[in-house]
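Working notes for the structure below.
All chains are identified by letter, namely A, B and C, in their written order; residue positions are counted from 1 within each chain.
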């Protein structure tokens, strides 16, 4: 199981949780599992998110491996200037 | 100043690498073109038979378009085509539809300056005359340009019936985005504090202020194939949006980026390009469009204005126990994520047990905001750094010591979620503390301001190709417009990795058909991501060249190493051959298997975050409220400065844009919702006589995510000046300033109010 | 309205053009003569990107009518270098990395050349005030000021 930290305002999509657990070995699996477990997250994930794994931010990278003890944080899609 | 790192730290590994080219200060490859007037910018392109197009813009802040009659314009001699929103393809993505609706109003105009009709004619004069013959009937609607007022239930609704995701109950229909970040128990955190300060701040919208107005030239034949030349931060972005809006496939549109006269985020979207392409399609002629400065101000993206409440608790000895911020940003008439970025960055400099930020994006009758250098961060960090400064002042603590005590470091759970890896904030603060500037005496009416700043830095999609020419020179082909000297840095990294002199390398920014996809030049990504791809492309070419040498020598490919620009046997066991240079291998390439090249494509990650600390001394004239910047020093972590001159340039330029934001720059709207200062005379950006030298101190805390340790440096520099200057002014004037810009009348009013 | 015939000298070359009465010198340089080195940043004399010298006097070419160039000499950025040899100011801007995007560079060059012709030994403050009409959004002016001071020193033979 992978523990995923969500940004605060996603609480409304997970019944109040900002830490959830899903079965996944990489980011793609993690995002799919999240969308399945919490359908309200699906449009948000579909619209684009970033994922931080052990402090490194990935914009879109389905095959980035996640270790069971990795720190996984779901972040909004970001853009700079 | 370059710091050396202790044995065992991540820096030590990078210290050991001896760079030959990286870290030197050679002249930039595009320099001669730019000092002789030969460089071609957006408005410098022409084509045979070219038409000129101009745009009819809304005089109203908010109105329904009842009807548009273009017949008078079309009947005019010399007018060749007219387009309105009807001439574009409806988009499936709401973000793209918003961008299109901003290029050409559909049904409604949302702000003073919103484009409605474009006319292509044989001259600008005729096109402008034709605009006067267009009849638009409006139903004028009430408007709102202020962020707080637009959140009230009484405010006019911009997008009636449109639903935005994840908006909590209790917000009106103009709230298009809501985000929340943080961790820890806020009540517990504030309970631990000896002092809690709550303050509200406002910042004005500012414009990126690039000196080159938007300009483009488009052609499209009856075969449906088009070309665009344009000043942009991303030719691929222009291709994808313009093709989608006009309804052709990406492969049919080739976009070439001209030299770009500044962008700072403002050229990461489209305004004229799809319009020029649609006019070219309709007229069958090349169409050139160039914005006037007034159009740049009225209709191209400024940044957001903000209204923020901050609450921070601190113990007597300077430990921050809790931090909270509520950020309300308006970025014009369409949704955007700038408030979200503000909420993520507001407290990023601190290691906090309890932190919470909430952000609202609010729609108003102003132009669609565009990214501006570290979008969202300067105004958020301004509010937090102002309150931290006030806490230090109240408690009699040294502002740098307090920041050191609370600084985020490796292992800190960041305020926006992830745990930090190697970061340079502590080293940056220590450099500031040790600098003579911090100990220098201050004169009467002077104050010293300090602020930290932070930006994420991004990486993203990147493609680089590298051709080894037969004469031993190297062509690097990349796809990111060079705003501030990136071709120099990319050439330097190529030369470093290949082990050849810099003058053997030439880097070009290619068009959309000549190289794989690249994200726009944004997020301080180019030196990091394009540099990384260049190094990897060089490694691919090196592998190829080692293989050629191995074949010539008749040994195994893995028995060949690449040292100082030449293939060498790995050791005596591999064979006894003199080094075979890149030039020699290249010269024989036709006989050993053909042309040699390397390429690399990646959606890069690993961009290291970057921190900066700014020190400023200001003098406030108590009679006039005028602020003079007396001394300014920037400290910033560059990871590894590839070309230190251009790293300093980013730090200095960012600082000065921030100074402008703090002291002068402001979008001023009248009661009628019209922009009142759409020109450089009334929207005053800093000029040379406003400023002292800007001292730049580069720190190098290598980024583990890049082969040379590079971090992006472009954006962080604009983040600290707002609070640094505000803190300096607050000390000098003896009153806490909570609204930007701190123009003389505002400072005078604050001084009078405090009496 | 009929066009005006103008005979002038641009960067030492005799040039003739026809222009509209309301056309600016900047528009004619860029659109009729083909010299795109001078840039339009504002069209209102606020940014200095269009700076040229008219009979040796520094002007914003966006505020000069093209017809006014009759019988005068116009100097633009394209005329500063001599053949393959860069002018000291051009070389110093490169040496000091005093440009990032380069859009203001032509104006900065023309303006600082005009300054050094009047005042070969300016103070930093004098350089800053002279160049206050040339906006640069990239550099914060630091490296530009250093480059101009260094060029002045070299031109004085210091």
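Structure notes:
Note that in this section a residue touches a chain if its C-beta (ideal position, glycine included) is under 8 Å from a C-beta of that chain, and two chains touch if they have at least 3 such contacts.
What you are looking at is a predicted structure, and each value in this text was computed from that prediction instead of being measured.
Taken together, the touching pairs link the chains end to end in a line with two free ends.
The largest tally of C-beta contacts between two chains is found for B-C. One simple way to say how far apart two chains are is to compare their mean CA positions; for chain B and chain C this gives 29 Å.
Taking the mean of the C-alpha atoms as each chain's centre, chain A and chain B sit 26 Å apart. Per-chain Cα centroids separate chain A from chain C by 55 Å. Shared interface positions of chain A, defined as residues touching 2 or more other chains, are absent. Within chain B, the positions touching two or more other chains are listed as 208, 264.
Counting partner chains per residue, chain C shows two or more touched chains at no residue at all. Those residues of chain C whose C-beta lies close enough to touch chain B in the complex are 20, 30, 35-44, 46-47, 49, 76-78, 80-81, 86, 90, 93-97, 99-106, 109, 125, 127-129, 131-146. Put simply, chain A touches chain B in their complex at residues 5, 7-13, 43-44, 47, 52, 54-61, 64, 71, 73-81.
Residues of chain B that touch chain C in their complex: 25, 27-28, 30-41, 43-44, 125, 208-213, 259-264, 290, 292-293, 483-485, 643, 645-646, 648-649, 652-657, 679-681, 685-691, 693-694, 696. By the touch rule above, chain B contacts chain A in their complex via residues 165-166, 168, 178-182, 208, 264-266, 268, 337, 340-341, 344, 356, 358, 370-375, 416-421, 455-460, 522-525, 603, 605-607, 705, 715.
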